[in-house]
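Below, chain A partners chain B and then partners chain C, in two separate complexes.
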Partner chain A sequence: MATFRFLLRKLAADRTAALGALIVVLLVAVAIAAPVLSTHPEDVTEFHPPERLLGPSGDHYFGTDRMGSDVYSRILFGARITISIAVIAIGVSVLIGVPVGLVAGYYRNWASDALMRVSDIFLAVPQIVLAIAIAQTLGPSIENVILALSATYWPFWARLVYAETRSALNETYVEASIALGASPWRVMLLHVLPNISSSLIVRTTIGMGGTILTAAVLGFLGLGPPAPSPEWGRTIAESREFLPEAWWYATAPGLAIFLVVMGFNLLGDGLRDILDPRTRRSTDG
Partner chain B sequence: MRLFDHSPRLVRLAAAAVLAAGAAVAAPAQAGGKFIFANSSAYDTLDPHAIFDVGRVASRINLYDGLMRWFDNPPHLEPWLAEKVDISDDGLTYTFTLRDAKFHDGSPVEASDVAYSIDRILEMKKGAYSLFEGTVAPGSTKAPDAKTVVFTLSKPSAIFLATVPEIHVVNEELVRANEADGDLGTAWLSKNDAGSGSFRLTRYDPAIGWQATRFEDHFFGWDMVEDPLDTIEFRTVVEINSRVLGLMNGDFHGTDGYLPQDQVKRLAASENVVVDEQESMRIFYSIIHNGRPPMNDVNFRKALSYSFDYDGFIDNILSGSVARDPVPLPNNMWGAPADVEGYTYDLEKAKEHLAMVKEEVREITLGALAGYGQTEQAAALLQNGLNKIGIESKIVSETWPVASGKMRDEEQMYDPLFLWKSTYYADPNNWLGEMYACEQIGARNNSWYCNEEVDALLSEARTSTDQALRKANYEKANRLLMEDAAGIFVYNTKWFGPFNKDVKGVRFSPIGNGQEMRWVSMD
Partner chain C sequence: MNRVSGATGANGSGGDLLRIEGLKKYFPIRNAWKRRIGWLRALDDVSLTVAKGEILGVVGESGCGKSTLGKTVMGIHRPSGGRVVFEGNDITDTTPYEARSLRRDLQYTYQDPGASLDPRWKIGRSLDEPLVIHTNLDRAARRAAVRGILEAVGLPEGHLDLYPHEISGGQQRRVGLARILTLQPTLVVLDEPTSGLDVSVQATILNLFLDLQKQFDLTYVFISHDLAVVRMICDRVAVMYLGKVVELGRTEQVFDRPRHPYTQSLLAAIPQIGKGRITETFWLEGEPPDPGNLPSGCRFRTRCPRAEPRCADAVPPLVEHVAGQADACLLSAGG
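And then the complex of A and B:
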């Protein structure tokens, strides 16, 4: 609890990080409260062709889309899709990447080499290309986007945890616990993992931004959830036909993606400054 | 019986008329010029016998010639490489007499090249193959002399002549010289040109497109066209906005005539662009998989047909730019009954029919073509209606190569799939005969629809030469198909061909979509 309060205090002191945190909290709140906040919640699945491509107004804050649905309401519901994709994909990546990194970092044998070479293979292919290939092969759906993102993101965590574990193993507290006869699992989970958790948290926060961006790219390319899903990337793809006249149609989801990715990146940078004493800024006192 | 024994004088007259109209307003033009056409789909092959679609028609009609050719709108069939054609009284023997023509390498076009071309189509089993399968037997086409080619059909066919333009004549000697491992020269011909057409291929890159220069020795001559084009380029530009902006800037001189209506309006407002509006023959409909439950129940199909908001789609989403067409035949084609009401958006009736469905109702999959926003919007609109009558559905949007593969597989075919059916030859068989004849199931009948009464009408119409009987049969078949709700029939397209304001002489035909460039000139 004390650490949490420390974190909050530090965050509040760092204005950009606080802004990032605010955006992230807002995003989650909006996603949860979408049915309440949206003006036309039924427009996620209902269309009104006579009202298509209307400009922003008091009734439709961000105008209407090609099917005559309210863009604002659809953006709010799109936040749910975006968050669930990002959270699940990152969660799976962490669940795969962290154990792989820990084991490969702790042991020094052929198995740990093999694990790291496998992650090297994944890292050698540009991440977006691999994600496109996987999503295209499996067919467009939310589940497959999550699968594609998880399959391409886990090596980043494996690499990070591997490197941190290797350096932690040289620390005296680890040597001490090994000398006291602690089992490898005990050392990894109780001594190494807690001490590398700060870089893990930073990496995960910044990773959220990247994941949301990649998910939007997949949606834009038509590999995400199919129409009439309000997924942001797909909405931008749909709106291209109507540019520049229906400017609101592409601008609203574009702004949403921009804000959310920026929010996670600011928060991630702020957390890194706070959690890593080496980069902590002098103004922090 | 002798048909078409005139030289292509009609063609010349029509061209002259078009030219005169253009010349009246045009200042004296500088010769030649380069025409750049922004094409929405990529030319992955130039082999005229491997492809048979309207999106990539330009390589076939500009680089190659056929014995006959379709012109103008409404389309009429004229002798082209052939000077005349004699048809035997039993309707089985077609004797074509060739004109003097040269291939691009200077060698003469001979009857044996024609026989080789049809046999190549029959052996490759690609492209227009399904048009000739069962009608023309391999090896049955003979060349008694260099100027005479004789087709002997296995059974009478009312549509044979209409499909002759798809027998694009290739230079047999050249193709044979470039064969590798008995591949009929497919690898070579996919990147090269062995034709006699109005333009000669100079550059080709599957990722970029192709370029061709005017073929001075073309048999038709160039005296009909004042300042014909020197060079034509068909460039692949996938993004709609790039095509539209390029046209408005003057970088491109033409693009396809089936853009979203919002873009057509934008182009029409640009001072650089003239939009040519023509009634076309390209229906938009939804294939329904009639062979799979619950769509094998006519009441379920009727429920689907009553759940689509036709007016919302046509009047709002397409701004009224197309005409409602309640049957599977373009309403400006003969054989389309004039007085059919068709289905309307009526959820009460949809519910009534749904209540009568005996099969178990399940979630259905609505297919759409990725990149073709209209098909997605139609699928979403149908889903909207289905939600209201309590039918669950999910939309699957896939690219054309994926969808066209699935269409031919009874298991993989979508429940309904929205798409267009274009004109490949102007005969009702192009629509009804291919879409709903039992023998076409799995090939071009992707509805798995086989109704004995309809099939009898269609096969009689396909073999008979009695025009009145054919017309009556097609009208009746249309009514039956509509009554049976074999598909969800939505509209017949208009063509809005956007061209640079300096472009003159475009001849639109629903078969070539105005992409035959030999008539075109630029100020």
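And then the complex of A and C:
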């Protein structure tokens, strides 16, 4: 807990990281409180064709969409979809990638080579292309987006943990535990993992931004949850034909994606400065 | 100190705790394409025995294989050949984890005890770990054992809640020692136990080693390049040069009448009050040869002032030419 408080204090001192943290906290708060904050919660599923494509006003902060639904309310509910996709996809990637990387890094035999070659193959194909292919094959739904993202993201964690484990094994304290007779699992889980956790946390935070962006791309391409889902990428895709007249229709979800991705990246950068001083940004001198 | 009768320590004493037979450790040398282009012979046919209760010093220059010897015996490195017999059990090809019941009494302290403690673990947890691995004691019993050891190495109990970086180098050394003593081992390999400590701390740590030896009935293998310290506390000493033992015998004999030219040059390098400057007495020239590309025959011949053509023909064996002292030099056999 002392480390957590230390982290908070450091974050507060770094202005850009604090901004990132604030955006992330707001995103979570908005997603949880969407029914309370939204002005027209029923518009997630309801249409009001007579009110379609109205500009921003006191009643509709971000105007209405092609079905006459309130864009502001739909964006708030879209945050829920975005968060659940990102959290679950990253969680699954970490759950697959971390054990793979740990085991492949700890043992030095053909099995660990095989594991790393498999993740190399995944990394050789651009992640977005692979995700599109998987999502296209499985059909549009939230579950399939999560599946496509997890299947393409885990090799990043496997690679990271593999490299970090290999360098941790050169540390004397790891060797000392092995010399003492500690079991491989004990060494991996109690010595290696805690000592590589900071770079893991940093990459996971930055990875959240990337995952949200990729999820939005899949939604934009129609591979995300089907209509009338308020998913942000899908909303932008729907708004295209009404540009530039109904500018608010595309701007609102675009701004939401931009803010959230930037928030995670700023937070990740800040965490890296605090937790992983070896790779400090060059800008802070 | 008549525990040791012969130079190799085995003869007559009957109490061999550790026997090393022809131990080899070769590291592959690889080129940029990871193809093996040769072997680095860090240990080449090393045979030693350690009798119960003695302190065996292992000395030599940096890179001569002292630490590799310790780590190969410990199972941290897998030996390329030879045998390691501890307490009558062959533990040659076992990892510390696989053979943890056989290896429990054989423990190793690191050269840098600060680095050998997990930076994220409090001292108390690090001291507790060996007991968790090797015993079925409950938490209270483990705590009691850790407290007892802490007192024996002279550390206050408050240190249990500190992190390794919060204590001094000498205290880290004590923690490193306490960590393995909780298991009550019989043989402890001390790897450069006094390096990086200032002289006064060195003295207290050495006294601590000797006190603990009496208290826990310990046997030490004392790896060091500090000849003065070795002379002070070791019963026997093994001199290593490029992966081979070149001289082995009782400490006072080796130090007073060194027989191998390498030992002679090493001893000439100890500064002594009233004697000439080291630069005047030290005649060992040049660097040791590349361990990946060793000279034929005697490895020392390239730097040996007494080298003869026949030194290039055969590797001289370690032979006990005088009682209690063996050396590996052809000229020593003739003269």
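Just a few scattered comments:
Quick note on the criterion: the second predicted complex is superposed on the first by the 278 of 285 C-alpha atoms of A that agree within 3 Å, B and C clash if a C-alpha of one lies under 4 Å from a C-alpha of the other, contacts with A are read in each partner's own complex, and residues count from 1 in each chain.
The rule we apply is simple: a contact is a pair of C-beta atoms (placed from the backbone, for glycine too) under 8 Å apart; a residue touches a chain by one contact, two chains touch by 3 or more.
If you're wondering where the values come from, they're calculated on a predicted model, not measured in any experiment.
Model built by superposing both complexes on chain A: chain B and chain C fit together without a clash. In the superposition on chain A, A:Gly78 makes contact with neither chain B nor chain C.
A count of residues in chain A touched by chain B and by chain C gives the higher number to B. Of the two partner chains, neither chain B nor chain C is touched by A:Gly219.
In the superposition on chain A, A:Glu46 makes contact with chain B only, while chain C stays out of contact range.
Contacts of A:Ala227 after superposition on the shared chain: chain B is touched, whereas chain C is not. Contact with chain C, but none with chain B, is seen for A:Glu171 once the two complexes are overlaid on the shared chain. Of the two partner chains placed by superposition, only chain B is touched by A:Leu243; chain C is not.
Rounded to the nearest 10, the superposed model shows the Cα centres of chain B and chain C diverging by 140 degrees about the centre of chain A. In the superposition on chain A, A:Pro155 makes contact with neither chain B nor chain C.
Minimum Cα-Cα distance between chain B and chain C in the superposed model: 44 Å.
Interface residues of chain A, counted against chain B in their complex, comprise 45-47, 49-50, 52-53, 66-68, 139-140, 222, 226-228, 238, 240-243, 245-246.
Within the complex, the chain C residues that touch chain A are 71, 74-76, 95-97, 100, 103-104, 107-108, 110, 112, 115-120, 129-130, 133-134, 179-180. Residues of chain B that touch chain A in their complex: 239-241, 260, 262-263, 266, 309, 312-313, 315-317, 368, 370-371, 373, 376-377, 379-381, 383-384, 387, 394-399.
Note for the complex: chain A touches chain C at residues 171-173, 175-184, 186, 191, 194-195.
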